[in-house]
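So, here come the structures, one by one.
Look at the two complexes coming up: subunit A is in both, with subunit B in one and subunit C in the other.
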Partner chain A sequence: MIELLKTFMNGLFQPSIALTLTIVAVAAMYRYRRIVTQNKLVASLVVASPVLFFAISAFDENFWIQFKRPDNIPIAGMMFLVVFFTWFALKLAVDNDDRIREGRPPKEAEPEEEEKVFVWPDLVYSELLCLLLVSILLVVWSILIPAPLEEPANPQLTPNPSKAPWYFLGLQEILVYFDPWLAGVVIPTFIIIGLMAIPYLDTNPKGNGYYTFEERKSEVFLFQFGFLVLWVFLVFEGTFLRGPNWNFYGPYEYWDAHKLVPLTNVQLSEFIWARWLGIGLPSFWLVREFFGIVLMLGYFVALPVWLASSFLRKYFEQMGMFRYVIFSHLLLWMILIPIKMYLRWTVNLKYFVAIPEFLFNI
Partner chain B sequence: MSWLGNLKEKVGTPSQWYSDFTRTPVWKSIFRHKLPNDPKNRALVVLTNVFLHLHPVRMRKQGLRVSYTWCMGGISFFLFLSLTVTGILLMFYYRPTAQHAYPDMLDLMESASLGIMREMHRWGAHLMIITVWLHMLRVFLTGSYKPPREFNWVVGVLLLVLTLLFSFTGYLLPWDQLAMWAVTVGSNMARATPMMGAEGPGMQLMQLGDVPLITAGSDVRFVLLAGRFVGEGALLRFYVLHCLGIPFIFVILLAVHFWRVRRDGGISGPGKGGKLAL
Partner chain C sequence: MAEAEAQKATATATAHGGTNRRDFLASFPFVTTAWVAFTGALTGVGAASLRFLYPNVLYEPPQQFKVGLPTDFQIGEVSTGFKDRFGVWVVRNEEGFYALITVCTHLGCTPNWLATENKFKCPCHGSGFYTSGINFEGPAPRPLERAAITLADDGQISVDKSQKYLFEKGGWDDPNSFLPFSA
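Right, the complex of A and B next:
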């Protein structure tokens, strides 16, 4: 029975299924926000879900091997904190949205909240309290769990798996689906630029200085999609579900370094020239990759234009040309990540455009 | 027993000692305020202290609420200070050379009694990354990056990136397998930088006649690692970046960040939050 359950859970954590479930869970949390924040049973289940998962899974000896690595413990803590604070912010937002609908100001704008108090002692006091609590946590943690130190560095001996530091594992996971120049350089750069651009792209004047969801639904959902799904979830996956050779291992599966995973990835050009047209690959790269290049031009050039007159019309009109161009490209890059993942899982697509002659693959 | 009464009178009570002590020239030269239990002295205690002066004298009640701020920015800053202190202590024991780095780690573990500095440093670093992320989440969800705080969000993103670089450069220093290969995986990405990496798209364009400008011995990864692989050059380079280079930029940006919080009207809030506070 338990073995069956473990096999089921291992299947559930397949990257394709787990990513889909995460997206559904985040969407459902915001869609059914009232139930999630006001029904005590649902609320406790949501907040406790990471704790329950880690606590129950720790009984499995294979999971325990990964969980007990000292560097992985903060990730378990992070999962709990991220879920808790997402839920907590949503609760405050739902309360405020109710107040706004009733014509009252958000809680943060109540007259008594506007009252001025002295920083000494009111703020200094809570800062001191925070400092003490964090110090205690840090000292206890440091006494209980020694920092890891492995064998001395040896350039001749590559560990399997070789993992980047845990906070970069989301990017290492993206490396499965994208070429290093995209996953390791361009996408991180776009993440940084995209984050810095947020205040200049978000033209919605509402929701400044208080928690709200209804006044800025798409902004919040977009950010949370990037943060919870494409960053935190991928960090979790890269830590606990990626083993030797960066193969997928279910949470309760033994990390067998000899696990064989067939490599069946196909380039878009091979799909079109060999499978559909049946005439084999042309030798000149421009002809060979013609369809892929057209597809990418369509995605990055034609699609934003079309979106400006359809789904994103509201944004185009609010933002103006310059801001819209930047916004739509950042958005399309972000969405390309799950698109590429799903294409890999369904049709084993390797690259849309593959020009190894110029080390250029998308 | 009158001698005892006299003695008591002469010695005084602790509250008398305190008031006597606060009247000495030494005390008065340090503290420019009296006991901060009235508005005037509560203002003075903040205004006359360079550290407390990061704060305003008065603030909206709403900005105090831990449910609003989660205190994540403050915790991140405290962790930064704690990491600085433990980092300085660790520097006493550590030599960034391939010969000494790992044995110094062993010495630190085995010889430093009750030593938890390395643990405090490592766990504090992990925790700081998490608190910085949560601080960003809070600032986003309260819309606090909206005018007039747009630029401070940008500074915050730079601080987030530097926090990750702090941790990444520090990751190499134990000079064990975990360190070397995590940094190898990370720095291999630099190879693929367009135009600047030896295996990046566009490197063929970077040629002078037949001479390639970008090779494994001259690309951006080589600059980062001071070599073609993670070796002693990289160790020194990461050490200097970790202990001096990044902190130098970080502290400057931190100063800008705090200064802007003050200048842009304190902790964000609805209503008058948009006004410039001077």
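Right, the complex of A and C next:
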């Protein structure tokens, strides 16, 4: 019975299913936000879900091996914090949305909330308290669970699996699916630029200084998609699901370094020329990659144009040409990441366009 | 006239708590010294930092080395013994020998030879390479590189890592990238 359940859970944590479930869970949380924040039972279940997951899973010895690593304990803690604060912000937002619908100002604008406090002593006092508590926590933590040290570095010996620091695990995961210059340089740059561009792209003043969801639904969801799905989930995945040889392992699966996973990559050109047309790869790269190039041009050039007159019309009209181009491209890059991941997991697609002659791969 | 004006200006400047020209000029040597010292210090720090980029002692495994007699290798064998010392795998196939450099073509980790699965597998992002060095799984964009391999005068196989042969550049057709077995 238990074994069956574990096998089932391992199946759920297969990357394609787990990513889908995460997206569905985030969407459902916003869709059913009233139940999630106001029904006591549902709310406690949501907030407690990471604790329940880790506490129950810890009884499994394979999970325990990974969980108890000094590197991984904070990740478990982080999962709880992320879920709790996402839920908490949603609760405040739902409360405010109700008030706004009734014609009242958001809670943050109430006179008693506007009351100001002094830096000294109020702020400094609580800061000092936090400083003390956090220092104590860190000291105790570092005594009880010493930070792991590995053997001296050896260029000929890469630890297996070799993991980036936890906050880079999302990027390390992206590196699996994209060419190094894309995943290591272009995409991180876009993430940073994109985050900095938010205030210039999203000039909707609603929600300034108070929590709300209804007044900026797509914006909140878009951000949370990038943060919860493409960052936090990938950190979790990199920590608990990636094992030796960078293979996927279920949470209750033993990390067998000899696990055999057939992963032979196929390029889009091979799919089209060899499998569907059955004529083999043309030797000239431009002909060979023709379909991939058309596909990418369609995705990055034609799609934004079409979106501007359909789904993103509102944004196109608000933003104007220049800002819309930036916005739509950041958006398309963000969405390309899960698309590529799904394609790799399901059909082993390596690159849409692969021109090793010029070291150009997408 | 001009003097009176200057005096007036000085008076105003002093009244406003500013520095007049004479005071400024009087302090000139100090300012100059300060700037020169500052620039000097900055240059020194910059030079020291640059110097720091170059190691005092550099341990580099030899680029050219001998790996043994051709008869020491068994057909189909991937010799992992030279990985630590020299950073190559010597592979013996039906026809002869080639030396693969143990650097993943993705981001430079060191892959492992998995004998049971018959492949090189990188622990960083999961790139996999066939015994030939061809990449077939994971993100590595190109095959492993081969090193020059020749027969030395004493009959031993000699590998030269300073000469690399890249598959995608057609390098594997080069006679130096492969050593045919001749008993």
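The rule is short, and it goes like this: the second predicted complex is superposed on the first by the 362 of 362 C-alpha atoms of A that agree within 3 Å, B and C clash if a C-alpha of one lies under 4 Å from a C-alpha of the other, contacts with A are read in each partner's own complex, and residues count from 1 in each chain.
Note that a contact is a pair of C-beta atoms (placed from the backbone, for glycine too) under 8 Å apart; a residue touches a chain by one contact, two chains touch by 3 or more.
Given the structure is predicted, the values throughout are model-derived calculations rather than measurements.
By the touch criterion defined above, A:Thr264 reaches subunit C but does not reach subunit B. Judged by the touch definition given at the top, the superposed model places A:Pro159 against both subunit B and subunit C.
Of the two partner chains placed by the overlay, only subunit B lies in contact with A:Pro199; subunit C stays clear of it.
Shared-chain residue A:Asn247: touches subunit C; no touch with subunit B. When the shared chain is aligned, subunit C comes close enough to touch A:Val176, but subunit B does not. In the superposition on chain A, A:Pro338 contacts neither subunit B nor subunit C.
Of the two partner chains, subunit C is the only one touched by A:Pro356; subunit B is not.
Touched residues of subunit A were counted for both subunit B and subunit C, and B has more of them. Of the two partner chains, both subunit B and subunit C are touched by A:Gly184. Taken together, the two structures place residues 154-155, 157-159, 162, 172, 179-180, 183-184, 359 of subunit A in contact with subunit B in one case and with subunit C in the other.
Against subunit A, in their complex, subunit B makes its touches with residues 36, 39, 42-43, 45-46, 52, 55-68, 70-71, 74-75, 78-79, 82, 98, 102, 105-106, 109, 116, 118-124, 126-127, 129-130, 133-134, 136-138, 140-147, 149-151, 153-154, 157-158, 160-161, 164, 167-168, 171, 174-182, 184-186, 188-194, 197, 199-204, 229-231, 268-274.
Contact residues of subunit A toward subunit C in the complex are 154-162, 172, 175-180, 183-184, 244-247, 258, 260, 263-265, 348, 354, 356-357, 359, 361. Within the complex formed with subunit A, the subunit C residues making contact are 83-84, 87, 102, 106-107, 109-112, 114, 116-117, 121-126, 128, 136-139, 141-142, 168. Within the complex formed with subunit B, the subunit A residues making contact are 71, 74, 77-78, 81-82, 85-86, 88-89, 92-93, 105-106, 108-110, 112-124, 126-127, 130-131, 134-135, 137-139, 141-143, 145-155, 157-159, 162-168, 171-172, 179-181, 183-186, 192, 195-196, 198-200, 202, 205-212, 216, 220, 223, 227, 358-360.
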